[in-house]
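Below: a set of structures, written as structure tokens.
Both complexes below contain chain A, partnered by chain B and then by chain C.
Our next item is the complex of A and B:
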């Protein structure tokens, strides 16, 4: 709720709607990664494939069927979910195999879209203006709010508990009666739908593009690192991570991309080595915090009470 | 028919080079379950070393191959000491290493952009085209392929004819049992890491010839190609990588000859096909629980 309120008040704080809408889109993507990676441990390196599927699903619906904006967003999400169903056999893999296979799938999708004429691969896509920038931003804020509610549900519900159980030990979870395959697949489809909505919003905002941008792997990587930086398996973490890092990108990444890339690369290394739980692990329970942080910050050290020994 | 023959020969020549690129990556994954996403960028840095040598010292680019070894030994050792001990204690080493080395890759790309700019860098051709079965092939292509063969032989020698190689294979097969048999795992892991990186950098000058030039972002695609090859040739079986490389080279050059716009899709389509149909690879003896 607080996040939604802050996003709603966004334009009065910083009047750049294109930036704020892109920020909302990245928050959606980071939350999508949060659901797959955070709760199931499967790293979707090719997550951008769902984003691209959403972009092309909604755009082609607008171009061929002249649908309205909301229908286009719905169809974008549907396209991503269909893509996720097609790719669900990848969930049989794990670890690096899964990460690289999703990457390969997203790039295969890119080559199909870029080489076919019915997807306007060579001429590029161009869409009519459907939403005004303000209206689109309002839609994006609503989408983020709904997504945050979904993540709240995933975190606290019985479903989320099953996901955590699978993540820590799939075999034991199955023996405890959790339907491993179904639970994992649902999480996969939900995150694809979120990415599809993000893609549709991006298409409506950008309205003219070639296939390179919708399937650019850096989008996956940004979403993953934004989520990790804030802290996965939390609701607010990915939002904070996105706001901080995307603002940093806006500040130096556009004028000096190589310096941003350098900082970004070093940040990833430091994050994995010293802060695997992200920023939110610093404010979480003592057990979640990294050991070096506990050594640095003394949290009301219990007074050492020497056992009283009777003389 | 001549087109087919040309595609076949150049496929094998490219394949040997791709095998050379893949072996180092497979070693890192096989021994430590580390997913080195910076592998392609290390290859590219090897290529830049060759470029610097030819432009500033005016010597043959191939001298960069032996020269890259001291650089990669020192650099690899530093990288190992900073990252690996902490990574091995992580909850999920494999996925954490993937993210971490992606960060390393970004740093390498950024540094390359700062030093060499974003334009494509090329090396001068080595000599007149070589005739094979009556058709001409670029001298650099033939030279690269024929240098990949001794490199692969050297790798085979290290892994199957030395004590260190024996210990390395023991750790690959089962780390706990290797420790129990008195193998000094940390020493083996360190050498495997450094050797893997040295092989990546040494392949760099050849990559500059084979790919018709390099730029800072060439590495990403190379990493994916290398992963496809090692998965085809089975993870943890470095010599399968050589065969996987040739298979990939053939698939790629045949697509280039008959369906050129789809060439870029070959590594991705092959990778998907292999992980879904036969995740243990073509030469896997034991099935890895994928």
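Our next item is the complex of A and C:
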């Protein structure tokens, strides 16, 4: 609610709607990564593929069927979900294999879209203006709000508990009665749908583009690093991560983006190794915090967590 | 009246390696069966097959006459079969209480297991703690509690005693006897004969993936085939 209110008040604080809408889109992508990586442990380097699917699903619906903006967003989400269903066998892979397979899949999708005439691969996509910048921003804020409610549900429900259990140990989770394949697939489809909505919003905002931009791997990298930086498996973490890092990028990095890509790449490595819970883990319970942080602030350790003396 | 659990001619191969072959055994309602054999004789593989971790290469598994061969673990859990793991596998990212809250009890459940499982195994006082903060003995108890929360009629107990202190062993043996009294059928894999003696009525001895003996533990210890397997003929 707070996040929605802040986003709603955004334009009065800072009057750059294109920036704010892009921020909302990145929040959506970071939350999509949050659900699939944070809760299931699958790192989708090709997550941008769902974003691109959402962009082209909505755009082609607008161009060929002349659908309205909301229908286009729905169809964008649907396109991503269909792509996720097709790619769901990839969930059989684990770790780096999964990350690379999704990467390959997203690039395969890019090559199809960039080379077919019915996707305007040569000429580029060009859409009519459907939403005014203000209206689009309102829609984006609504989308972010709905997504945050979904993430709240995923975090606190039995479904979310099942996902965390699977992430911890799939065999043991199955013995606790969790349908591993179904639960994991649902999370995968939900995160794809969120990326699809983000893609549709981007298409409606940008309205003229070539296939390079929607499938740019930098988008995957950013979404992952924003989510990791703020803290996955939390609701607020990916939002904070996106706001901080995307603002930084906007004001420092946009003139020389190559350094930012390098820095964000390194940041992923550092975060995964030293701060897997992101910024949020530093303010959460002691058990969430990395060991080096606990050592650093040991004098403040609660007596409750003192080691037990064996009888 | 068929047995609660019927294992018929089950075999499991990994490539050319035959881990199990011709395993036939029955577990009656509320019975406690020991599964013994040297290391590598297929005890854990059998439990993995019966709990849905592996699909058998051949053979059938029936629960209350219903064919459950090759069903996934979560289905077996819902039908009333559960297990503990030799190396306990509690869900490390979760608290003790969450490990239990995760479990949806099976619908059948003729055994009397309607109680607080953490209270039962003696972990209620650490319910809020993360699994990583538990001792290995406590993790084994949590693994048992997680299995019991599913209210199984058949419970496979894979070397629960290994690595426990004598007092912890007594505690666990007491728990297993209490479960048997409440009508849970147990299949207990164990190397510790003293422990087994307190818990089981009958044993099946496995060697190289095949049962070579079925009877009481006392008979097993005196049986020349069993002695040969454990000690060798020229010992």
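Just so it is clear, the second predicted complex is superposed on the first by the 286 of 311 C-alpha atoms of A that agree within 3 Å, B and C clash if a C-alpha of one lies under 4 Å from a C-alpha of the other, contacts with A are read in each partner's own complex, and residues count from 1 in each chain.
The rule is short, and it goes like this: a residue touches a chain if its C-beta (ideal position, glycine included) is under 8 Å from a C-beta of that chain, and two chains touch if they have at least 3 such contacts.
Keep in mind the model is a prediction, meaning the values are calculated, not measured.
Judged by the touch definition given at the top, the superposed model places A:291 against neither chain B nor chain C. Among chain B and chain C, the chain that touches a larger number of residues in chain A is B. By the touch criterion defined above, A:94 lies against chain B but remains apart from chain C after alignment on the C-alpha atoms of chain A.
Once the two complexes are overlaid on the shared chain, A:169 sits against chain C while remaining clear of chain B. By the touch criterion stated above, A:178 is placed in contact with chain C alone, chain B being left untouched. After overlaying the two complexes on the shared chain, residue contacts for A:261 are found with chain B alone; chain C is out of touch.
The part of chain B that touches chain A in the complex is made up of residues 29, 35, 82-83, 86-87, 90-92, 94-96, 98-100, 102-111, 113-114, 220, 224, 227-228, 231, 261-262, 264-265, 267-269, 271-272, 275-276, 279, 289-290.
By the touch rule above, chain C contacts chain A in their complex via residues 51-53, 72-74, 77-78, 82-83, 85, 89-94, 98-99, 101-104, 106, 130, 132-133, 146-147, 149-150. Residues 41, 43, 45, 89-90, 92-97, 99-101, 103-105, 107-108, 111-112, 115, 217, 221, 224-225, 228, 257-259, 261-262, 264-269, 271-274, 276 of chain A are the ones that touch chain B when the two sit in their complex. Those residues of chain A whose C-beta lies close enough to touch chain C in the complex are 158, 161-162, 164-165, 167-169, 171-180, 287, 305.
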